[in-house]
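Chain lettering (A, B, C and D) follows the sequence in which the chains are written, and residue indices restart at 1 in each chain.
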Amino acid sequence: MTSGQRPAPAQRNEIVTRRDELGLTNWDIALLIATVAIAVLIPIEVVFGPLKLGWLMVVSAVASVLFAGDVWIRRTRPITVRGVRVVNRAQITRRYLRTWFTVDVLAAIPFDLIAVIPGIDGSAAADVLRVLALTRVLRVARMLVVQREWRIHTSINPAVLRLSFFAFWIAIVSHWIACGWIALDGAESGHPELAPYQQALYWTITTLTTVGYGDIVPIGRSQVGYAMVIMALGAAMYGYIIGNVASLLANLDVVRARHLGRLEAVNNFMRDRRVPRDLQAKVRDYYNYLWESRMSEQSEMLEELPAPLRIEIALHINRAILQKVPLFERANESFLRELVLHFTPTVSVPGETIVRRGEIGHRIYFINRGSVEVLGSDDREVVATLTDGDFFGEMALLSAAPRNNTVRALDYCDLYSLERDRFDRVLSEFPDFAAQVREVAERRRAENEPGG
Amino acid sequence: MTSGQRPAPAQRNEIVTRRDELGLTNWDIALLIATVAIAVLIPIEVVFGPLKLGWLMVVSAVASVLFAGDVWIRRTRPITVRGVRVVNRAQITRRYLRTWFTVDVLAAIPFDLIAVIPGIDGSAAADVLRVLALTRVLRVARMLVVQREWRIHTSINPAVLRLSFFAFWIAIVSHWIACGWIALDGAESGHPELAPYQQALYWTITTLTTVGYGDIVPIGRSQVGYAMVIMALGAAMYGYIIGNVASLLANLDVVRARHLGRLEAVNNFMRDRRVPRDLQAKVRDYYNYLWESRMSEQSEMLEELPAPLRIEIALHINRAILQKVPLFERANESFLRELVLHFTPTVSVPGETIVRRGEIGHRIYFINRGSVEVLGSDDREVVATLTDGDFFGEMALLSAAPRNNTVRALDYCDLYSLERDRFDRVLSEFPDFAAQVREVAERRRAENEPGG
Amino acid sequence: MTSGQRPAPAQRNEIVTRRDELGLTNWDIALLIATVAIAVLIPIEVVFGPLKLGWLMVVSAVASVLFAGDVWIRRTRPITVRGVRVVNRAQITRRYLRTWFTVDVLAAIPFDLIAVIPGIDGSAAADVLRVLALTRVLRVARMLVVQREWRIHTSINPAVLRLSFFAFWIAIVSHWIACGWIALDGAESGHPELAPYQQALYWTITTLTTVGYGDIVPIGRSQVGYAMVIMALGAAMYGYIIGNVASLLANLDVVRARHLGRLEAVNNFMRDRRVPRDLQAKVRDYYNYLWESRMSEQSEMLEELPAPLRIEIALHINRAILQKVPLFERANESFLRELVLHFTPTVSVPGETIVRRGEIGHRIYFINRGSVEVLGSDDREVVATLTDGDFFGEMALLSAAPRNNTVRALDYCDLYSLERDRFDRVLSEFPDFAAQVREVAERRRAENEPGG
Amino acid sequence: MTSGQRPAPAQRNEIVTRRDELGLTNWDIALLIATVAIAVLIPIEVVFGPLKLGWLMVVSAVASVLFAGDVWIRRTRPITVRGVRVVNRAQITRRYLRTWFTVDVLAAIPFDLIAVIPGIDGSAAADVLRVLALTRVLRVARMLVVQREWRIHTSINPAVLRLSFFAFWIAIVSHWIACGWIALDGAESGHPELAPYQQALYWTITTLTTVGYGDIVPIGRSQVGYAMVIMALGAAMYGYIIGNVASLLANLDVVRARHLGRLEAVNNFMRDRRVPRDLQAKVRDYYNYLWESRMSEQSEMLEELPAPLRIEIALHINRAILQKVPLFERANESFLRELVLHFTPTVSVPGETIVRRGEIGHRIYFINRGSVEVLGSDDREVVATLTDGDFFGEMALLSAAPRNNTVRALDYCDLYSLERDRFDRVLSEFPDFAAQVREVAERRRAENEPGG
């Protein structure tokens, strides 16, 4: 229905969204790297004095340029506020000034480079500048925003993402704490064989993990005070780690956990009732199959979605099946779109009789996965074996005749079934195709072919 | 319906509630500060002997006066017991005597000041008095009650509150433990460069956080015994911290967590079914929008509330919309109050056809947020674009005529819809306004305006 | 219906249950004390050699006698297996022999006393006996069974119980670990000023809490091996403590937690929708009231119970109300038993119009708590104020007449309402009383009294 | 319906499944032992140099042979992918090459044995080979797959399994860490009396458990670096342990936890409403009974299962009862299979009147557990006591006659009831048996026997 000349609104919207928030253009990646580099380098410069190594100065300068560019771009770049895009430039600028502008600008000023300009270097102003340079580190807070975006917009397991972010932050914070320890002339008594930074990091980790060997201990008021703060912080962080891990474990695979819980309840119940072991195993197998094939989730999930998305998903899942059914081969797209919404997923256990000869048939079955055997008129001889993508009971869509054959599951089978009532309801909206179907029905009634 | 002369009962009740339990009058704040000050000072006095510094004595004296005043006030101040206000004075007094009276009175007696009165000071009685002064500290337990009230009656995130209360209690308890360590002549071997209190606090934190450097260790029976109790306490406290953090993290944003969980299940399902990546992104976007706009919560929340509150909330949310609709401009307040209860919130995805030309219309739509395009009679040309606060399908309220135009969502849209059936039901109770509406309907039928 | 001569089956059953599993007769308490005493004393004897102190030997002897008596009693004492009482003696004995018999008998043999019999004392047999005496300690496992019973059959908060049990077990296990450390000649280097047991306990707690000062460290293979096991055990125990605390905190007050969670969601929603602050406070007040009065739980809970218990609970809650209603004063017990099942609890917010003059009344209201005002025919003047235990709308039970007065809630009110339909249905089973009610109805219709 | 000559598909499938994934043939056990042995031995060889002890070389050689055999077998062994068996050899081989093939082949090459071949031994190549031998350890990752299978396919409590797996992995990892410490010439200062491996393991455990006595501390860059990594790892592992324990405790007995939670809510409610203590005890008893007998779970569980499994479970539970009822003794198997699906489990409390004389009976009751008394025509005298496996109200299946006797529960009873409607519906499909039943009904109506 959309004219070919312009992209459909949904498409347009989606493309924009992707580039903005997920795609991480090279520009975004460069900014992230620069942010982390600054967060690591500046504290080192503050405690050890200016690093006059050429490449470090280049890093600082490049970061400044990148940050300045970022300020310029963000001034007008469209943003998404609570799910709705804002494109009004004035509004974007106002919002930016109110939020990240100050942090971004401070990060863009290369205080540390200014401090080593001949003339300033060595003066009292240089020390002030170096401390001011710490404000550049604040930009690392942007990582929190980026990480939040990622968690929502990516399809990576959120537990894995959360653990990675967590490791990142612990590493950064440990680095800062070690730098702070050096700034306080951290005791070098314990390990004279180590460089000061190594010693400080060792102390930091010994303390944060609450191992506390005691080979490096704080000496003097300021160090003891610092150590107390770090210990308290470490306890809180440790608590946070553990709490996180506990909730991560609980959420790592919610569906799996629920499955195992249900399995346990069922096991307890069956043991309690002294159900024979082989019947127990069958029941367990059934639950495991149900879980592995994710059939039980499907209908639940589809119901939550709004109609347009529901149709697209259902169509995607069942298209291969639909194309195989001769009855539907001349059906047009919009008929199939309506039809797929009425497919019901079911699971049959090995040996289950799905269709019984002589019963009045009400639905057609499509085999998504698994295999079934069609029995002859004596209900013993196997006349056909159907598997993935096959279907049976087609006649039930055309009339309420009794089934000609018994069909029995050989394996666990994922089936989709479609009831005649629903088929007729959809058909009533497509009179042209309905006529074709009636014609086929007439022809079939004469033939009375097997498999139905 | 309430006469103007006296405030409505609800209003009266609410004002009283606010001043009592949340408002924290200056008096309440003064009491809290005094309580904390006493909890900090008295243990110091007990271990270091009388603090004869003038300002500390003033603090103690002022606190005593405040506490005495509080006893006097609470004797008769109305209280709320299980949601119902008690105003009967005798009942209040009886309840007060049974509960906090003893603690409040003990806190009001300035044992520590009496101990430094010339004549008593230096005698054995002074020592007894100073130990007795510890009973003043008990009043800090009132903080628990205050904190519990806050958690219920404030709109601040309860997780943040709980963390703050928690930090407060750990600080207070650490202070007490350090004082106890000093009282037992805590080993000063490890850090002769520190003042005794610094050393004691350092030991306390080293032990409570289970870091245990071993630079200060207990010596002698009483210290070792004390250390064992503190270590056990530390382990319990640590367990409590971690348990708290874990449950805090789980509850920090319950709605968000549930959202992420659902998103993950959907992601897993779609990956498993090999849904194309762009369709996956669309589904994710839909869930994200639903969550960000909080549309899915609204109907749930409103249903739980009793009718009077439900009306007020719904009215607040939709008033702006109602005022824009010409049809309602002459409707009176009580009609609108009834009407808003029948608004149904829905979300439409970009590109979704909300209204199809030729279908029989059953409801009017109000756009809360987002934009839609109205297509002309060829279903291609865009004849109008409607946005926040606009409405369409108005004609459906007046008669069951077919829609004149197709309306399609451009963005995600928060819509409110109102069914004709429900509109008619409300209308039937307001015959005057119903006549007006019928009149408008007649006029419109002649005009047959676009947008409906 | 039960004859007076013999107690009703339910009663009989319950009395037996109580004495057995909860009542803790003096005998049970004596056994518990003896069990704990043996668990504490025997390990001390094993590591320090025989305690020839008179009273300790008396304790051991008394415990042996008690345990022997317990074996004798349990041989035939009726037990409850999966909710059903077993009284068959042979069955009980067989079950006892299969389960606790060995442990109980070993605990009853006073190995430690035999070891100090002159002649045996000092010989190699005495050492063997003392080690054998450790089997007496096994009886402490019975505590687990007792604690499990308590958790199920008591009304004490299970979280508090669990914490107490937990503290008990940690204390016992720490004692055993300390005894083990002494048995391995635990290093006495660190604190020569302490007695060996004190030192061992100090080391145990330092290690279990993972503080690890390092002032006492294991020396030599056996000690280091022991320390490794204890450290691993400590880590597991610590994990168990923290896990327990976390789940305790989560369960300490499940209802409260759910309440706070809901409150937060509501707060978030209202802030998001910019609901005015006073309306926010009203909504919060409503939720708080609902929670504090526990009205929302009641109907849920009653529905789960089987009919006989449901009636008894409902009768207990509403009896005071029923006795006040003149209409019911001549109703017999079985009528009221049927009636209470149809009471519906509701909560009204301050200012809510519960009954509107002129509307057709369908139900009577009983005020459980709170107060309402009855307005005169001008809907402004207050003609009456009703409070706890009062009722209104009585006329609605008799006929479908319009209400005479408007009734408005002054406070939050816990109301019970009863619909005419349900009243009539119950009445139809009690024809005698139905006649009386009809009579009253006739009389009332003439009077047309206020308050209905 | 299945012919006797060939096993039913379900059976076939199940047997295969069992041997593959659960049965652990001797071959599987030998492989597991070899895998663990290699994971333990190889790191020791790497740090201490070649172990020329004969039996260790034999172990390594045997493991290599086993692993090689495993590669050969797995190349074509059928596998189960997402619940469906794959038997196509090419497909299996392709899958194997893509997944475990490399790891399995590396593990099968005895690098460590090649290194001690005279000529190679002592050369630089030998050192390279020994390090290469570490790749054999990778095979231990297979344990993860095996453990995952166990958790799903066994009926052992998954919490117990998880704890065991966890202990296994901690032991293995500690061993590896200790070997790593030795490789870095771990400080031997602290405990010269210990062998290097003992010392290394002691340091590992002291560090991982965060006890950190400080008697062994890292010295020099590489050791300090290693210690920092291990401390961080220890913290993460500790967090993982605690998180696991917390979630284990939460899941150890989900049903039990839910039961205790409900019990607590009920207790709180009853205390709040001041329900008399004996009524409280009765309500508690009821909930406890319900939980212990697992009656409430049964219907829930059966509903989830597909029809064939549901019938088998229901038949197993009720067969003993069915065989006792004279009415059913001539019913054929397929009739009973249909019938059991309509049995409804209920619980009656002591003293509850299950059937009242004179009421119209609609269902038959089967006593699964517990006892009831049948009262005579005066509703007082006990004419019979029925217990496990008995039934009453049989007449209700034949006609809608009034009950002849009142039946009252003596204990808590697990009852199954069957409604006449449902019985008739099943009967209508079995006309032969229906005739027999009608005949019995006629005969009974004449007799009018007690107990119905």
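Everything below uses one rule, namely that a residue touches a chain if its C-beta (ideal position, glycine included) is under 8 Å from a C-beta of that chain, and two chains touch if they have at least 3 such contacts.
Since the structure is predicted, the reported quantities are computational estimates derived from the model, not experimental observations.
Touching both subunit A and subunit B: give me those chains, sorted by label.
C, D
How would the subunit C/subunit D interface be labelled, same or different, where same requires over half of its residue numbers to be shared?
different
Identify which chain pair among C-D, A-C or B-D reproduces the interface of A-B, meaning that over half of its contact pairs, matched by residue number, are the same.
Repeat of the A-B interface: C-D.
I'd like to verify one number: the distance from the centre of subunit A to the centre of subunit C, where each centre is the average of its C-alpha atoms, in whole angstrom.
42
I'd like to verify one number: the distance from the centre of subunit A to the centre of subunit D, where each centre is the average of its C-alpha atoms, in whole angstrom.
30
In subunit B, what residues contact two or more other chains?
In subunit B, the residues touching two or more other chains are 210-214, 238, 242-244, 246-247, 250.
So in the complex, the part of subunit D that touches subunit A is made up of which residues?
1-3, 8-11, 13-14, 17-18, 82-85, 151-153, 155, 157-158, 207, 210-214, 217-221, 224-225, 227-228, 231-232, 234-236, 238-240, 242-244, 246-247, 250-251, 254-255, 294, 297-298, 301, 305-309, 312-313, 316-317
For the complex, which residues does subunit B have touching subunit A?
Within the complex, subunit B contacts subunit A at residues 190-191, 193-194, 198, 201-202, 205-206, 208-215, 238, 241-242, 244-250, 257, 260-261, 263-273, 275-276, 278-286, 288-289, 292-293, 347-352, 369-370, 379-380, 408-412.
Name, in rising order, each residue of subunit C that touches subunit A in their complex.
210, 212-214, 242-243, 246
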